[in-house]
């Protein structure tokens, strides 16, 4: 079994997912949380690609494209919210203040 | 070539609609008119070319097919966007594009000083496109697209002058009432789809012949009938049509007289084997038609608004078509559909010409004596009225109505008698309108002239309203059966004709009706005020169906709601609420509103679930 | 020999991912995130998915991440933000999340162990854009539609959230 | 016929960097010619050694980093800018046998990817400088280059559809009958405009915009780091020209002359066109630039794709 096998790619995906989750849970900065989510999404994408490579099917890349569009939409909305919060008098980007509804 | 022409006929008005809408109302009147009427004219031209080709060399299978694309393909169900041209849709296509073109031409004159003319033509062309989709579809799902498309266009156009609240209310009413039918129709379609696994018309009808009609098929037929009833303004969903006259007159002529409201007739004709296999459904169709035609004719007798008279008349005439459908006289229904499109569009457009010239008044009692002031319009209106009343031999309406009466006679003499009564009333109410509007003392001084662009369609349709019926005559007069022969591959041989005295009865009754009208409203001695008594008021309000629905449905519903506020069922929900609230207080502590806390819970849950799943 | 790029890219991705979640300056974290993405693109390439690799670079690293950078630039974070960030990243904060992530990692790795080794498909012939496109616009056309709906929804909501409420040009509510 | 890979890489690198250096002189001379003045003409015959002189000056300047800047990113930014351009050249086939990775099966996508990465060079330079002019320049660059990348990607899709491949070599070979500039005239026009915006050359050099932003994103740069930005811009011009030649003008193909010469001739002519554009056109306002992109180029490129697809489908066998 060569090193560049889907199983090893899955291992990498697992690692990335765990690291991304660590970031989401531990960071308080909204921007950094969003970035960690991107890492998690990429881990999922890698898992799909690896599965596609395992079965030598293009479906893995199809799913990757879906994740890509999901990530794009998520980033757009997330960043818009961050900008909004920032301009609404919460310049700290502190996720823990997100429960205050009024700006 | 022909199969390519089919989508082009639809694409032409659709493209025009796109252009007109994208101009965001900034398109000046002249290009709007040219694009609007021109595109439909082009469609009509292509339709004629196609029709000639079709008639000269009929396709071997009896229909032209053009599959545009496969819409969806899921397990056990498939739907395509596919067009089909068979004799039935050929007739409908010619009516929609031909009459549509004439009406749009007329609208160029009628609407020329309206600031929103681009929006008007956009909606109208979109309507024509949707109607053509409806007519051409060989798949019931794409037919449904057209069905909803014409519905939305009707809504947009009824409320065209949307600054007036009444118009908007009328539009909303039309939309909601037809929506009830549309919902029923969708359910019916879904039922059919579960039976056949597809909504392709041919396959759906195939299942009718291969599987005996069961309860499911009957329910589906009745649900479809519900859709047809709402769209065609038949009892009990007819209340929207008179109010729909709030729209511009060309809209009334095109949508609420000539084409859209006959979609229900078309639907039933398209699926006639399904209905024919369920006798109860046929009886229901016939009865609905008969009741509608009598009620609407009664209402039309006492209306004072010229457009409302015509609206009730439209309901009544579609009632005839339903009657014909219900008695199995399919050719008669389609024949009447065609002739009705001619003369009713003519009547509406003539009425519109009158309304324009008497300062936008619509009350017939305020008109009077207009025959001298506008002889051309008078002639056109007279031609249309004669056709509507069914003056024997000369007019189109006579032949088509005669065919329906024959069909009714074969089914049940009672139906025939009812239809004859309706014909009598028809002659009375339309000539009442003629006598009051065009004779007697003048109440309003007309102004201006009816321009050529409005006159040309009137002339064309007047000629058609008079001569259009000669394509199909009873054997007793002349053995001409162009339409029946065209449609017979689809509908089977037409019914044999009844005894000769039926023809005599059908000829004399309209004449008698005109005589009665003359006696009552003749220029010198006739009454010049609307009748005022309880029955007349009831009929004028459309037999008070609106009040009835209010009492039967709306009020009980609100009352029930009010009653139910404090009853025992609520205690149960209160208990649920209390439990939920108590539970909410407990779980509310978790709802800190902090994203990281939530993410933590999600992650913890995931890890736990994973551990449970991984456990060897 | 041919495995070398894969191993290299994997290591870079893993290290850079750890760097992302531990940076105090947002732009530095972003740059490391770009490195993660680029090396993941390399991994995709090694796994025989060149199309996905290029899209990862073009769209993810080239567009989405630039959007992040753009936002960071608009936020105009300064030294005080960096200090606050350092303050937030006290060691005690990391214990719980690290525990959870570690558990997750262990659980997932245990699952991976149960996967039978793949001997047959070690050839890794690349799957080109054409087959992906045929699949996308064939059986998966519905999901393409859904994705476009999603993007439209994202566009509309981003526009709505970011709209200029009082016409002040600053987005002040 | 195929040269060994290190030779190809080495020659390409040397030629490219030499060319970029040479272009700094060439542009000023051409501008001088068109604007009826001399331009650099003192150092060497016709001033041709001016480029060398500039190079020496820039190399020996103090390598200064502003104390308020973010050091790491500040140094990284110009390197990214230069690197992405150079990497893009890897997939450009100079002749049928002369390219580093001309038959990469996603070659065109690779170019687009590198264009996308190139944004970072400018944006990070703007951010790391920690000064408001640079920041504004960087933000402008981010929005401008991301937007125009969209139109660039969409415009080349027509070419891809016609050639049926992302491989640069296949695309050139597909033009043996008719250059794509004829059927893809619309795409070619959009690509050219997007290319100018991507390299932020005049008239689309809003990120630099010296009369409003100082020098834009490289306000704080000096010495060789500035020099790298400078060279990267010229290399970018050569790259866009080479891409235009490859995608739309038949690549190395042409009668009589050897392929490499044809390629060089076409590219050189396009580079001159770029310089002429700089001499001829004024700089638009920023909102005009964005409006041009989203309101005109985007619909145009979409129309191009739709039309190309429709025509291909109509001509498709079966």
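For reference, chains read A, B, C and D in written order, and residue numbers begin at 1 within each chain.
Basically, a residue touches a chain if its C-beta (ideal position, glycine included) is under 8 Å from a C-beta of that chain, and two chains touch if they have at least 3 such contacts.
Since the model is a prediction, treat every value here as computed from it, not as a measurement.
Novice: Quick check: more C-beta contact pairs in A-C or A-B?
Specialist: A-C
Novice: Averaged over CA atoms, how far is the centre of chain A from the centre of chain D? Could you give it in whole Å?
Specialist: 32
Novice: Approximately how many whole Å separate the CA-defined centres of chain A and chain C?
Specialist: 5
Novice: In angstrom, rounded to a whole number, how far apart do the mean CA points of chain A and chain B lie?
Specialist: The computed centroid separation for chain A versus chain B comes out at 54 Å.
Novice: Calculate how many whole Å lie between the centre of chain B and the centre of chain D, each centre taken as the average of the chain's C-alpha atoms.
Specialist: Computed from C-alpha means, the inter-chain centre distance equals 61 Å.
Novice: Residue numbers in chain D touching 2 or more other chains?
Specialist: If we look for residues of chain D contacting two or more partner chains, we find none.
Novice: Where does chain C touch two or more other chains at once, residue-wise?
Specialist: If we look for residues of chain C contacting two or more partner chains, we find 51, 55, 63, 67, 72, 74, 96-97, 100-101, 104, 108.
Novice: Hunt down the residues of chain B that sit against at least two other chains at once, touch-wise.
Specialist: 600, 603, in rising order.
Novice: Mind listing each pair of touching chains for me?
Specialist: A-B, A-C, B-C, C-D
Novice: Across the complex, what residues on chain C touch chain A?
Specialist: Of all residues in chain C, those touching chain A are 2-3, 5-7, 10, 13-14, 17-18, 20-21, 23, 26, 29-30, 33, 36-37, 40, 43-44, 46-49, 51-52, 55-56, 59-60, 63-64, 67-68, 71-72, 74-75, 81, 84-85, 88-89, 93-94, 96-98, 100-102, 104-105, 108-109, 112, 115, 117-119, 121-122, 124-125, 127, 131-132, 134-136, 140, 143, 147-148, 150-151, 153-155, 157-159, 161-162, 170-173.
Novice: Applying the document's contact rule, which stretches of chain A touch chain C when the two form their complex?
Specialist: These residues of chain A touch chain C: 1-12, 14-23, 25-29, 31-32, 34-36, 38-39, 42, 45-46, 49-50, 52-62, 64-66, 68-77, 79-84, 86-88, 91-93, 103.
Novice: Please output the residues of chain B touching chain C within their complex, sorted ascending.
Specialist: 72, 600, 603-604, 606-607, 610-611, 613-614
Novice: Can you list the residues on chain D that touch chain C in the complex?
Specialist: 70, 72-73, 76, 104-106, 109-110, 112-113, 115-117, 119-120, 123-124, 126-128, 135, 138-139, 142-143, 145-146, 149, 153, 166
Novice: Which part of chain B faces chain A closely enough to touch in the complex?
Specialist: Contacts found on chain B: 592-596, 599-600, 603.
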